[in-house]
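Here's the structure, in structure tokens; my notes come after.
To keep things simple, chains are lettered A, B, C and D as they appear, and every chain counts its residues starting from 1.
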Amino acid sequence: MTTYDSKRVAHIHRELHDHLPSDSALRVKALESLLVEKGMLNRAAVDQWIELYTDEIGPKRGAQVVARAWSDPAYKKRLIGNATAAIDEFGFTGSATAHLRAVENTRDVHNLVVCTLCSCYPVSILGIAPSWYKANEYRARAVREPRSVLAEFGVSIGDEVEVRVWDSTAELRYMVIPERPAGTEGWDENRLAALVSRNSMIGTDRDLSPARKAPQR
Amino acid sequence: MDGPHDLGGRQFFGPVTVDEPEEAFHSDWEARMWGIDQALSPVPGVNLDWWRHVRELIDPVDYLTRPYFDQWMQIEAALLIDSGVATIEEIVSGKAATASPDLEPPIGPEKVRAASKHVTRYDRADGPPPSFRVGANVRANAVGAPGHTRLPAYVRGRVGRIERFCGAHVFPDAHARGIDRAEPLYTVRFEAEELWPEARAADAKERRACVHLDLWESYLEPA
Amino acid sequence: MDGPHDLGGRQFFGPVTVDEPEEAFHSDWEARMWGIDQALSPVPGVNLDWWRHVRELIDPVDYLTRPYFDQWMQIEAALLIDSGVATIEEIVSGKAATASPDLEPPIGPEKVRAASKHVTRYDRADGPPPSFRVGANVRANAVGAPGHTRLPAYVRGRVGRIERFCGAHVFPDAHARGIDRAEPLYTVRFEAEELWPEARAADAKERRACVHLDLWESYLEPA
Amino acid sequence: MTTYDSKRVAHIHRELHDHLPSDSALRVKALESLLVEKGMLNRAAVDQWIELYTDEIGPKRGAQVVARAWSDPAYKKRLIGNATAAIDEFGFTGSATAHLRAVENTRDVHNLVVCTLCSCYPVSILGIAPSWYKANEYRARAVREPRSVLAEFGVSIGDEVEVRVWDSTAELRYMVIPERPAGTEGWDENRLAALVSRNSMIGTDRDLSPARKAPQR
């Protein structure tokens, strides 16, 4: 049973700091060996989790959701009204998406998602969060200077556009519905989904026009 | 807790690394650590908020410098030691020297797909009703909490507007001490001018911006 | 500025290293750096508050990890580059590649003793009179300042009591931008219970404590 | 002329971070050489500054001031009323002591000095600040958990004693006048001064009894 004792755990962390090897790979290798030996871990299950999130559970899921929202106004309404139920239509509910909210970009509004306190992310539809999302720089700056951060991603936001930042402080998770770009009239969902970058669903990408070069992932 | 994790609005961090490879995992050990965290036998009493707090308690310099999944390793190590499941010597050597714990057996590979669809809800239908109405102005507490809390320093003492009531959700300050108690949760909108002194300047570069946070009722007072 | 330097009340830093050698300097390079800082030709426009702000602007992780006098080196290096007195290549190589600057010549050894007695005053006899009286309750601003400021985060939005008026002193927020302007300065007493949530608990370990800060008038409002 | 431009300087710091060698001694050596070559520094003056602060300007000065305050009630009154003028009677004014304030320990009050924002210290009477005074741990903790910090210095403060922390946020500098210990009746100033530890004038030492073992400096 864990103790919920902050001082005790802070002390354990200092002990670990003093005794663990510096190399992260060595740390993890020893932990894995120990857990297997203690009967607390099945290596094949670890392999399976990694495979699942490498091949299947990732931003392509979110892109499918966005493409349907672009194509089907009734679905978009359901997605904005109750995103958890709407992604369940695809069978995409899962880790960290029990309470999902979809926020929509428009000509006048740009949305940007961050977790300043840790690394909350809608894992079951976007997969493993990129490192920059979990890094000090993004967490510190996204809430205070979103336009400067977006500029580093190559996204320029006009003065007339309101930037809405969503700091994931509770168990709600946020996904951005980017604007459907011009020039995609009549495209089917698969073709549309190919335009939807991961970053556009976090808010660090905005213009998804088929004509643009080198989309930021 | 006023810790190193409370990064929102801290100034003069450098540029964001935008040219990251697209792969989910950037190295084998990161993938292993992530997978271990999904697959290991649960340590009794550990929940998401206590797990987060254990991360927050990492030495402040380590928190800001050690790689992300390396910190996950240290969280799990600390929880194993805290619970008496492993010793620090075992963690360092990777070799068991004490008896195996009597825990729920670990998940096998055949159950991973089903587990990936598992959803943990944090809303509680029997929670208390909300005291604030949508559109009401609220001020976030000026003083934080000594332990785990999800009220970031950058909104403390600032006034925002209730944008949405989200239902009663498990209160993290209590949950991190093992108590499952729900409180009304609200999405609150704060204007940039209320949060950041430089946004008040006539020539502010960061114009027309706001930040939304999901905040529990006891973090707020009428304003 | 909400930077890494604003350390007061940040939790779970480790124990203080109390068994330090008694010598003034613990290594030769520390002594040299300290001496260089005393002896070098002043760079025009640099004052104590701007110098402090230049330290605050060091990368947050470097600020928390690089040795103290190493940070002095980086402050001086940044000031030399900022002023066009040296290039980064010169700083790294230690070899001059550009012309010598037209600065005040450096102090010679014969003048060091006299210089050590030099006093720089920060009070200004012609500054404005105080608006707050001793004994008055005041609330510190909830919002900080975008640049250099001497109002620590841990008192923002909190109520204290004016303990003493100290005269009008040069205002650091302006001084760090090269402006010598005085404001009334007060010593303000804050009770521990006002500052720290855990001090409010009935069984608080840290009892009967207060913190005094010297705060300028524009940091304060009546409470 | 310096620019007072924060963003510019932050950028320079990142450049320095990327280009300077990691070793502090190498960094300082290169800086010294460059300044000498540029005619901005006299090495003998550096030597002289170091010598002065190694041999002469240090906590022995503060100890003399405290010993006189213990011996001469009129001096103590002047020290508490205007510490800058009172240390000037010894010729001790100088760096960082233009605005000095002396705060007195009593049976009911213990004073502790810190600078949470940088490293302000009454240099001309206490010399170079100890490393712990400038370290993250002390700066973070002294204002929030002074009793715990004092315990690490071996100082136990009873519940009946009020702890007054002084955070040096302006150009005022603080020195603590410790309590004169019992058993020192009739001692002259030199003998008294030998009891006064540096830490007692910062507030991380309290009991200066001649009988105690191993005083904390």
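Convention: contacts are C-beta pairs under 8 Å (C-beta built on N, C-alpha and C of every residue); 3 or more make two chains touch, one makes a residue touch a chain.
Please read all numbers here as calculations on a predicted model, not as lab measurements.
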{"item": "Both-way neighbours, i.e. chains that touch chain D and touch chain B", "value": "C"}
{"item": "Centroid comparison with chain B (C-alpha atoms), farthest chain", "value": "D"}
{"item": "Chain pair showing more contacts of the two, A-C and A-B", "value": "A-B"}
{"item": "Centre-of-Cα separation between chain D and chain A, whole angstrom", "value": "49"}
{"item": "Interchain centroid distance [CA atoms averaged], chain A/chain C, Å", "value": "40"}
{"item": "Where chain C and chain D are represented by their mean Cα positions, the distance between them in whole Å", "value": "14"}
{"item": "Residues of chain B whose C-beta touches two or more other chains", "value": "1, 9-14, 57, 59-61, 64, 154, 195-196"}
{"item": "Chain A residues counted as touching two or more neighbouring chains", "value": "6, 10, 14, 136"}
{"item": "Full enumeration of touching chain pairs", "value": "A-B, A-C, B-C, B-D, C-D"}
{"item": "Touching residues (chain side chain B, partner chain A) in the complex", "value": "1, 5-11, 13-18, 20, 22-29, 31-36, 38-41, 43-46, 48, 50, 52-55, 57-59, 62, 64, 66-70, 73-74, 76-79, 81-83, 85-86, 88, 90-96, 100-101, 103, 105-109, 111-113, 116-123, 147, 150-152, 154, 166, 169-170, 172, 176-178, 185, 187, 195-196, 205-216"}
{"item": "Chain C residues within the chain A interface of the complex", "value": "12, 14, 60-61"}
{"item": "Of all residues in chain D, those that touch chain B in their complex", "value": "6, 10, 14, 136"}
{"item": "Complex interface listing, chain C residues touching chain B", "value": "1-4, 9-14, 56-57, 59-61, 64-65, 142-146, 153-154, 156-158, 195-198, 201"}
{"item": "Residues on chain A engaged by chain B in the complex (per definition of touch)", "value": "1-6, 8-10, 12-17, 19-21, 24-25, 27-35, 37-42, 44-50, 52-54, 57-58, 91, 93-95, 97-99, 114, 116-119, 124, 127-128, 130-132, 134-141, 143-149, 152-154, 159-172, 198, 204, 216-217"}
